[in-house]
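Below are structures written as structure tokens.
One chain, chain A, appears in both complexes that follow, with chain B as partner in the first and chain C in the second.
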Partner chain A sequence: MDKTILKAIAILAVLGGLLAIPRFVDSPYALHMMILLFMSVMMGQSWNILGGYAGQHSVGHAAYFGVGAYTTMMLMHTKQIAPWIGVWAGIALVVVVALIIGSICFRLRGPYFVLASIAVAEILRLSAINLTTLTNGAEGILATELPPFKVGGAIITDFATKVPFYYIGLFLVVLTVGVTYLVQHSKLGYFFQAIREDQDAAHSLGISISLYKNIALVLSAVLTSLAGSFYGIYVGFVDPPTVLGLDVSVQIMLICIIGGMGTLWGPVLGSLVLVPLSEALRSNMITEALVKIGLVSPESKIGIFLKENLSHAHVLLYGILVVVVILFMPDGLMGFIKKLAKRRKQEAV
Partner chain B sequence: MAVFMQSLISGILIGGVYALIGIGLTLIFGVMRVINFAHGDILMVGMYLTYIIFTMLGIDPFVSVLITFPLMFLFGGFLQKVFINRVLNALAQNQILLTIGLGLIMSNTVMLIFTSDYKILTTSYSSSTIQVGGGVSVSTPLLISFLITSAITAALYWFLLKTDTGQAIRATAQDRDAAQLMGINVKRMSIIAFGLGAALAGTAGALISPTYYIFPQVGGVFTLKAFVITVLGGMGSVVGATLGGILIGVTESMSAVYVSSGWKDVIVFVLFLLVLLFKPSGLMGKSRT
Partner chain C sequence: MAILEIKNVSKFFGGLAANSNVSFSVEEGTIMGLIGPNGAGKTTLFNCITGYYPPSKGEVVFDGRRMNGLDPDKVCMLGMVRTWQKVRPLAKLSVVDNVMVGALARTSSLKVARELAMEQIKVVRMEHRADFIAGGLPIGERKKLEVARALATQPKLLLLDEVMGGLNPAESEEIIQLILDIKQRGLTQMVIEHDMKAIMRISDRIVVLTSGEKLTEGSPQEVVSNPEVISAYLGEAHA
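Now for the complex of A and B:
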């Protein structure tokens, strides 16, 4: 009992700290990093519901991310519909898309399910490229002008700084983590896990497999589409490869796998590792640090090579991370930490 | 009619190369039950290898297959021994992710070395054609690559059907445990199978290098194509992959002519989903496991 209270206090303290951050930090870069972190947690956590809890490893989540992002952006760009209204259209469309995908893919199991989920996402990506009148094709949609957000005539925010995005992101993270928590502690979550552990056994116990798989998919897809819409509005630009590409699906999955699938805090942990690391590589911080310590001189061949190329290498790092995680900690960082804690306990006894 | 014949013939010719890619993937899946998501990236490595041999040593891409094949075989064997072997009994998604990770490492390492610029390998015959008659012409590099593909496929069938090692590989694919009990070294068979799969993908890369752009991200397209081909033919079936490759080649070239080249890949994926839904065991597959 004490433990749960302690946990709740800790979570509230972290949340309070996060709420207060924009009051004390006005560096746009720091806020930008936090927003990227929020986005990553949302993406990983949404995948977690379907992949981690229900055990359906979709490699096509870019479909939901992209449909959300595209719908919101298209409505804003062509019809001048504000994103907080457009996002509902995105959700409605994603539910329809998810149910269609579910009706196709859930007839298949294991590797066949994975392949079908990729195929559907690819069909959507290619359609976005080819339906030029609707989506502006490969050029993508650029829409950076956000209308001010008003409640009863009073302007709440005009999105001039990163602060409103920060709070929207934080709200969405609390929402996604909250939904996952509720799923984990409800009958629904137990059904999901039963399906994950043994589909046939779950079926014989009277759990409707296709119903609960579809519920997991719709929940996961709606949250992913929210992340996609948020991405679209924040960045102000969407095009087929960045929101519908296979890379997006893999990245969504990665956050969860590296952190630990089927755990509430896995995607958070995964994001805390992945986002700073890829940002450090992208902005050449690592090379600068190496130069500062004196390990590499900036004029040497290695120094020049690192400076020119390391910023392109963040995907390479993803690859290496995946291989290392799969080979040495197949249950992700959460699993690894739990194992260490267990070993410690045993040693203490 | 000439247009129809033209697209049919070029479809079959490119289908031969697709078959090679598909056979590689299906061999790996058959023996290890691992879906190799790095298959296209292995093909990409084969393309760059051919490019290096061509620019540094001046060896014709079709001749350099003799070097590419054994090198890619060793590369595949290495991947199997060091990485894939450790996850043979792991969860399916972990195997998939491992191969995705390996693919990312390959494509990004190549990008670091060669940058992401498109490279073109121009031979004296790259754009030459042969008139067949009836207004139908055939691209010379495609025709040569089809002939080489057919020879390799024939040799592979002979290897799998007639040699002891080939039979051992097929036995391992049929029932890993039983094969092991019969004294077959399944670990070695796995290494050979992955090596062969990689060698076939690499060879396919070498064969298409005179007609395709060479760039680090080229693999993704071929990975997806390889899946479509193997599922179409039936996972694990070599005959199926051969037929599947040709079928996909013809479908692509037909839809490029009669629908539009932008939608041809969509048509291929829709066909793929239909096969998954209505005949998941594929054209030649017997069981789904």
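Now for the complex of A and C:
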């Protein structure tokens, strides 16, 4: 059978499975993990458009994530504007922010672009801390009371469980992956990749560098802001470090580096590795597992040390993971899998 | 009719005059050869013509239009495209995708772009390489890819910067035939070349640059029998 048809069937099957999950799973914890996974795919995929396809390695995507999250939360908290309306304000604001950032940062190439993108996100984080009348400063904004979602007077959901969030997350994942698919299969994708591979060559072939970099940035920023708004309303709380911090930017980028930059499924793979890993570290699951299989006794010095420290060590472990990936799979998991498949094909011949 | 007029173009890098007061014009449908020793300012002149550097002085007129201050992408859209002496393949993309990027200057349809790209890939005889990743090509084929990609933008004037540089005699011969083929199709070309024999065979006229200045201009016969050219250019080449 045709390969693309097989792929389409596989994707529809997975999607069907994902749609059915809340019918069979009612553990809030399991749904919570799935929602975190969706959020991670969204964030990674949004960065992928700018960083992976267009090759502009922004380390400041927290700017768009945070502006989206803050705008939606502030409007809900102070003006009682429903998040599905506030999210549009977030998008509009993010477009403005992105174009300002683009006009500053895209004058620069390579490491200078990276530094400028970090600087801009840091400026926004510091502004959120200091503009206390607007953002409530370092205390952040707590807004957990979501208005019920109505269509034509009928209440669709009142957000009492995690199920509506699950479906919103799934919808947003399909949206971001869909947008990326369309980009990849259009002139835009070709132009983005040409700019990534060789900016001067791209320029000589009639590609307006500033126009297409800005298109990539705006697409990427809008999707990131959607992820930020979703984060805000799901968690019910935003403050400067959790939505505008440098580690948010790094986390977003890591998803792509580990999964594979500039590929449609890279961010999905990256999320499938990173989300369970960070959860296992956070909840001390790894130490418990080591104890369970009898490798470490809970009373031994090592056991106590791991229990106390492993959950704080995620930054270190991420660092090690990135080094391993860069050394042994420079094109991420996706590139590694493709290489294996190719090798197997050649061996079969 | 002159399709390209270069009028008193100078380009300074600090104190260095990489081009100084260069003037000549290129007639439609012809091949203009541009020669000169290494560092004479040939590539710099291409950069000034195609919008990579604004000329410090002077004027570039293409197809009746003043080009100074236009960006390289605008220059390409107006019908003037260049290749790179130091080749610039889009390394992770396949050969056909590379050429499609060029074709997409004139169409938004990937299907049309793919057809246009395959046509140009045939022109440079690389059909068997269409799905090969460009970064893995040997130098001879990288040079041909540069030409196919530039042709795919459907230019009126093609600027070739040392497309034979680093090639063996058989590969160079193939490029010479390619350039003559392109001329047959009515395209105007300006060709930078280091190899005197090759440039003599393909050019209708030749401009000689030395130390940024135009030394002389004429038919291949006139240029090759000019004693100044022999001492300035051939002297260096045979030294």
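Everything below uses one rule, namely that the second predicted complex is superposed on the first by the 348 of 349 C-alpha atoms of A that agree within 3 Å, B and C clash if a C-alpha of one lies under 4 Å from a C-alpha of the other, contacts with A are read in each partner's own complex, and residues count from 1 in each chain.
What we mean here is this: a residue touches a chain if its C-beta (ideal position, glycine included) is under 8 Å from a C-beta of that chain, and two chains touch if they have at least 3 such contacts.
Model, not experiment: these values are computed from the prediction.
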| After the chain A overlay, clash or fit between chain B and chain C? | fit
| message | Which partner chains sit in contact with A:V250 here, chain B, chain C, both or neither? Use first/second/both/neither. | response | first
| For chain A, which side has the bigger count of touched residues, chain B or chain C? | B
| said: A:L277 in the overlay: touching chain B, chain C, both, or neither? Say first, second, both or neither. | reply: neither
| task | May I ask you to decide whether A:D200 touches chain B, chain C, both, or neither, giving the answer as first, second, both or neither? | result | second
| said: A:L175 in the overlay: touching chain B, chain C, both, or neither? Say first, second, both or neither. | reply: neither
| What is the contact status of A:I209 with respect to chain B (first) and chain C (second): first, second, both, or neither? | second
| Does the superposition put A:V315 against chain B (first), chain C (second), both, or neither? | first
| said: After the superposition on A, what does A:F191 contact: first (chain B), second (chain C), both or neither? | reply: second
| Which value, in Å, gives the least CA distance between chain B and chain C in the superposed three-chain arrangement? | 11
| said: Under the contact rule defined above, give the chain A residues that sit at the interface with chain B and also at the interface with chain C. | reply: none
| said: Residue numbers of chain A touching chain B in their complex, please. | reply: 51, 57, 59, 104, 107-108, 110-112, 114-116, 118-120, 122-123, 126-127, 129-130, 246, 250, 253-254, 257, 309, 312-313, 315-316, 318-323, 326-327, 330
| If you look only at chain B, which of its residues touch chain A in the complex? | 35, 83, 86-87, 90-94, 96-98, 100-105, 108-109, 111-112, 116, 220, 224, 227-228, 231, 235, 260, 262-263, 265-266, 269-270, 272-273, 276-277, 280, 288
| said: Taking the touch rule as given, give the residues of chain A at its contact with chain C in the complex, in rising order. | reply: 185-187, 190-191, 193-194, 197-198, 200-209, 262
| field | Contact set on chain C toward chain A in their complex | value | 50, 52, 71-73, 76-77, 81-82, 84, 88-93, 97, 100-102, 104-105, 108, 110, 113, 149-150, 153
